[in-house]
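Here you go, one structure.
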Amino acid sequence: MIRITNDPIDNNAVLESVQNNRAGAVVLFLGTTRNVTGTRETDSLDYECFESMAIKQLEALEATARQRWDIIEITIVHRLGHLLPGEASVAIAVSSPHRVTAFECGQWLIDTLKQEVPIWKKENWSDGTQQWVHPGMED
Amino acid sequence: MTLYIKLFAVAVQKAGTTNLEIDCPTPTTVGDLKQAVIAACPALSEITTHCRFAVDDEFATDTTIVTENSSLAIIPPVSGGA
Amino acid sequence: MIRITNDPIDNNAVLESVQNNRAGAVVLFLGTTRNVTGTRETDSLDYECFESMAIKQLEALEATARQRWDIIEITIVHRLGHLLPGEASVAIAVSSPHRVTAFECGQWLIDTLKQEVPIWKKENWSDGTQQWVHPGMED
Amino acid sequence: MTLYIKLFAVAVQKAGTTNLEIDCPTPTTVGDLKQAVIAACPALSEITTHCRFAVDDEFATDTTIVTENSSLAIIPPVSGGA
């Protein structure tokens, strides 16, 4: 299941979506908002997305993962909009007959999502300034 | 032809718009389009080297062909996922 | 949080127990009952435990993990008793500032739990026979 | 002294009890206790080489000292976690 949503992520729904009697392992990754990055404090984050391309990229990630690993189900949910510290922006769940596969695949999915899926976050710092986050790009 | 390019995040901030309108000879390539973008919107020149271009919802290279029906976007370094 | 329980595992409670505003990543592992192992079909499983030692070993795993990795919270819940295919016997959740840490630590915890914590499962095969599972030990 | 050893899983199946009672000189070691276990309950001889012994809720070695107050258990290869 691939989903981009403005609503809070429902962890139970994500876990249920990958449940399967053939699975021996489920790995769930949640990317959550930290309130501190280095020495700066975050009040909140805003996520935006190029949705048609993001969905296509996420579907491509799922297809590649299924070619590489013996996976039963994959669910990726990314949340957009305004998030507070502690809230999850992304949930990735993988079920597999074996745990090593589930861990490897889950880690590959989040690593690759962070490089290839057109979603951006804006830090709303506690000092009132805002900043789009673009890794590798200086201000 | 007139091309419309979707902008996101810092690119919107720099250009002051979410949709850039560019006049180009038809057809063209992404490489040529980049030059046209910088000419039309100099504010984007400082970020385009860090950005990828997308054509029809796929990452494109400089040689990717662009036609009037192409869906176009400038993709700054992404930061979703956490 | 270390817990051994006869009740079904409450995934939300497990995730909430590791939530923290300093966390950038949460990894949850669920070990679930497969209905097929090789060519044999499982009707159900029964787990038993040497509880005082199991708790002590789980606490030792948490302490070692905290020495090795920059971890915020660790929760390990193991269920005992009668389980049906699809049900989780174990949940391990780790929160950390960084995702690589959370994945590595989660995987180490389940790998080590499976070697060092005195809990045993009995397969109730669909042909009516039963068998304690003791890796490395022939029947 | 009389020692009580907790049994689990296949060890219970083989011995027909969850608590083995062994008479031993005091104090003794885990290595000597293993011999006493096999002598007292030959049905366990085929599995003891695959099992670890626990003393006071910790895995023990053959040289670990056992006294009358030790909590003792035979730990067959474990299979929790999935």
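Quick notes on this structure:
To keep things simple, chains are lettered A, B, C and D as they appear, and every chain counts its residues starting from 1.
By our rule, contacts are C-beta pairs under 8 Å (C-beta built on N, C-alpha and C of every residue); 3 or more make two chains touch, one makes a residue touch a chain.
Being a predicted model, the structure only gives us computed values, none of them experimental.
By count of C-beta pairs in contact, A-B exceeds the other of the chain pairs A-B and A-D.
Between the CA-based centres of subunit A and subunit B the separation comes to 25 Å, rounded to the whole angstrom.
Computed centre separation for the pair subunit B/subunit D is 72 angstrom, with centres defined by C-alpha atoms. The distance from the centre of subunit A to the centre of subunit D, with each centre set as the mean of the Cα atoms, comes to 48 Å. Annotation for subunit C: residues 24-25, 31-33, 99, 110 touch two or more other chains. Chain contacts: subunit B has residues 82 touching two or more partner chains. Taken chain by chain, the contacts fit none of the simple shapes, being neither an open path, a ring, a star, nor a full set of pairwise contacts.
Each chain pair that touches appears in this list: A-B, A-C, A-D, B-C, C-D.
Residues 82 of subunit D are the ones that touch subunit A when the two sit in their complex.
By the touch criterion stated above, subunit A contacts subunit B in their complex at residues 31-33, 47-50, 52-54, 56, 78, 89-90, 110, 113-122, 132-137. Across the complex, subunit C meets subunit B through its residues 24-25, 99.
Residue ranges of subunit D in contact with subunit C, taken from their complex: 6, 8-10, 13, 47, 50, 54, 57-59, 71, 73, 75-82.
Residues of subunit A touching subunit C in their complex: 11-12, 15, 19-36, 85-86, 88, 95, 97, 99-100, 102-103, 106-107, 110.
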